[in-house]
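Chains here go by letter, A, B and C, matching the order in which they are written, and residues are numbered from 1 within each.
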Amino acid sequence: MNQSYYNGFNSRKRKQEYKTDLPVMITPEVKEPGSILSSLSAYIFKPWHGFVILFFCMVSSSIAFGVDDNAKSSIAEVLWRWMPLLLKGFIFNIVISICAMAIGTAAGAALGLGQISLNKWVRRVSWFITQFFRNSPWLVLLFFAMFLLPFEINIGGLAIPLPDWVKAIIGLSLPVMANVSEIVRGAVVSLPSGQWEAAESLAYTRRQTLWLIILPQCVKRMLPPWMNLYAILTMATVLASIVGVSEVMTLTGQALAAEGGRTDLLAPFYSFVLLIFFMYCYPIARWTVRLEKKFSVIG
Amino acid sequence: MNWDDSMPMVSIKDVHKAFGDLEVLKGVSMDIKKGEVVCIIGPSGSGKSTLIRCINALNDIQQGSILVEGQEVNDPNLDKLELRKKVGMVFQQYNLFPHKTALENVMMAPIRVLKQSKAEVEKTARALIKKVRLEGKEDSYPGELSGGQQQRVAIARSLAMNPDVMLFDEVTAALDPETVNEVLQTIKDLAEEGMTCILVTHEMNFAREVADHIYFTDRGVIVEHGSPTNFFDEAKDPRTKEFLSQIL
Amino acid sequence: MESFFEWFKLLYDNTGINLPFLYDSYDRDRMWNGFLMTIKLSVVALFFSIIIGIIGAWLQNSPLKWTRRIVNGYIQIFRNTPPLVQLYFFYFAIGALLPKVSNGYGGEVPILGGFAWAAISLSFFAGAFNVEIFRSGMEAVPKSTTEAAEALGFSRLQIYKDITLPLAFRVVLPALNNNLVNLVKTTTLAYAIAVPEMLYESNQIWSDNVNVTEMMIFLLLAYFFLVGILVWGMNRWERSLKIPGFGT
């Protein structure tokens, strides 16, 4: 074999690769970065989303025409009347979700760092807590917080009341904490070990390495799963209705009862609740996918 | 359909092929006789790979005719199974089935496609593995084999269908330099046994040594062809000369 | 066995730790049935969610634009709205539209009960995730591999059955298992429509015995072990299916 030939054609050498990373959602087309407004508009509505809303309206109105009789006010009218209250309820859901996310993220970050601690026992205990709360259903954890937290706590003679919605926030922050812990651990572990070695060879301490080198790089990797978790949490806030917190689902039930349990109102009201959650969570999901895609390109 | 040994085994006439607006074959013709070893060489993007992929109908053609043992390939009612029994193909990227062992890779097609009995197939498969010098690797998965070993399994897999013609599409291009020879030796053995072979290759020394006939393609046409001696030592066309001067 | 149960009665008498689902045969049956109901709901929903996933992934490849859009619309609605509201929508809104049937005692009952609606709702919810999982699995099988099978004369169905599905299955298994774990956890939502699964039965028991703390801790441990065992088993399964060199 002529050696010079290989030099010429070695660049052709390729290794077979299988792509196994599962795209979590449909990958949106990549757009040129533009102004905030124009890039935001990409997440809001696309033509086929009209179809989705149309679908809701069709379901609702077909039921309306089928059952409506002239003695009752029309479905649209009833829905319109209750809409402000339901939207206020939904804002309460958002408040719960933001609070639970904040608490869960703070606790989860600590727990996640515990999972990569050099101390064997800190690592094991953090791992166990993480797995324990990750394996538990959200609803069970919510019950857990509801029933086992006292209605008020005494700190040095000062009684701080714990209303149901605060308990709900704590209950929901437990699974968030466990998931954030896994996100932190996963991001740190996924970083190439060369980063640790390079920092060590430059005489950084472990603490410095972690805070100056590792964690800043992890933030980018953690952002998409963290946002995904937030969307899941937001959708889980309706669970609070089961334990009696006056959020949108509870108010929907009360509105339906106040209208005298008309069955023709069920579909429109539930559709409306689905729709407001969709309009809040879907843009988050799209945005998450975009970030994922962007970061995977940058690396 | 009245085909006999004296006629060309593969007869290509005025084949045109385009991908969208990009015309990759602009009227290619060649005849390959039984037992002949033909090498197609040429710069990247000259349509060599497309041409041999057309021979076993992995790509269709827009115009012209390809006869394999008298069977017309450019025919909407083509019996692809019948064609592929006659034509074996080995790919640049080996393309072994990653979830099957080496032996299973060789055995799968005769059992599934030709419906031969398992015991019989296993006997021939083991013989073929031996023939490509991979004894002891029967139960290895493709992921556990080197590139050269995988490529030899791929050759054995193709031979298990007992084809009359073998197509080799740049089969050493993805290999590490040290494993190229083992694959070329396997092909050489086959050629010496009288297998009709059509190779797209960049291995000039191999082409000179093994080929009966060499075709040089550039931009979708055959620029020049002839016996290895004529081709390498007395090339006439300036494009051929330039290509040879670059790689030899 | 009876003395084992008796011990918990003694535990209650001596320490006040009340675990009636161990010493009381009535509560024991309730708890056991709740556990079985959780398993049953998970298995039924798993089965139908996989069917939905396969059909959805197939429809997503449809040449018809609107078929693809409807499938995408389905996926996005079910992934971006609360599963509990989905369940209410199915159970109350759609359930109210369906005709009622006689229950044999002169009364009328809905044609579909809580269990059926929970199963339907959870199937659609988990199915929306499965569509994406299956589609990405199909895409992970390299075209060159299926092409090699084509060159060996495999029919389209054979390629699908012998090459694409086995490879895609290995690729999707981790995501599928993850979805299964989520599904098992989501079965607790059936509590909201009074399907007697584990959470619901626990609630019944703590209402009767006023032992919320014990029941709560038991329930958390029960789910921890149930899901833990599931995760462990699935990981083992994934490892046993692992092929060297494929899908690291």
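One rule holds in what follows: contacts are C-beta pairs under 8 Å (C-beta built on N, C-alpha and C of every residue); 3 or more make two chains touch, one makes a residue touch a chain.
Here the structure is a predicted model, which means the values were calculated and not measured.
Colleague: Using the stated contact rule, I'd like to know whether A-C or B-C comes out ahead in C-beta pair count.
Modeller: Result: the pair with more contacts is A-C.
Colleague: Measuring between Cα centroids, what's the chain most distant from chain A?
Modeller: B
Colleague: Between chain A and chain B, tell me the centre distance in angstrom, where each centre is the average of that chain's C-alpha atoms.
Modeller: 53
Colleague: Counting only Cα atoms for the centres, state how far chain A is from chain C in Å.
Modeller: Once rounded, the distance between the two centres reads 20 Å.
Colleague: Please report how many Å separate the Cα centroid of chain B from that of chain C, as a whole number.
Modeller: Measuring from centre to centre gives 50 Å for this pair.
Colleague: Which parts of chain B, given as residue numbers and ranges, touch two or more other chains?
Modeller: As it turns out, chain B has residues touching two or more other chains at 93, 98.
Colleague: Taking each residue of chain A in turn, which ones touch at least two of the other chains?
Modeller: 16, 18
Colleague: Using the touch definition from the top, which residues of chain C touch two or more other chains?
Modeller: 142, 246
Colleague: Quick check: in the complex, which residue numbers of chain A touch chain C?
Modeller: Those residues of chain A that touch chain C are 16, 18-20, 22-26, 48, 51-52, 55, 63, 131-132, 135-141, 143-144, 147-148, 231, 235-239, 241-242, 249, 263, 266-267, 270-271, 273-274, 277-278, 281-282, 285.
Colleague: Hey, which residues of chain B end up touching chain C in the complex?
Modeller: Within the complex, chain B contacts chain C at residues 56, 58, 80-81, 84-85, 87-89, 91, 93, 95-99, 108-109, 112-114, 140-144, 154, 157-158, 161.
Colleague: In the complex, go through chain C and note every residue touching chain B.
Modeller: 142, 144-145, 147-155, 158, 162-163, 166-167, 170, 243-246
Colleague: Quick check: in the complex, which residue numbers of chain C touch chain A?
Modeller: The contact residues of chain C facing chain A are 69-70, 72-73, 75-77, 79-86, 88-89, 92-94, 96-97, 132-133, 136-137, 139-140, 142, 171-172, 175, 181, 185-189, 191-192, 199, 212-213, 216, 219-220, 223-224, 227-228, 231, 246-248.
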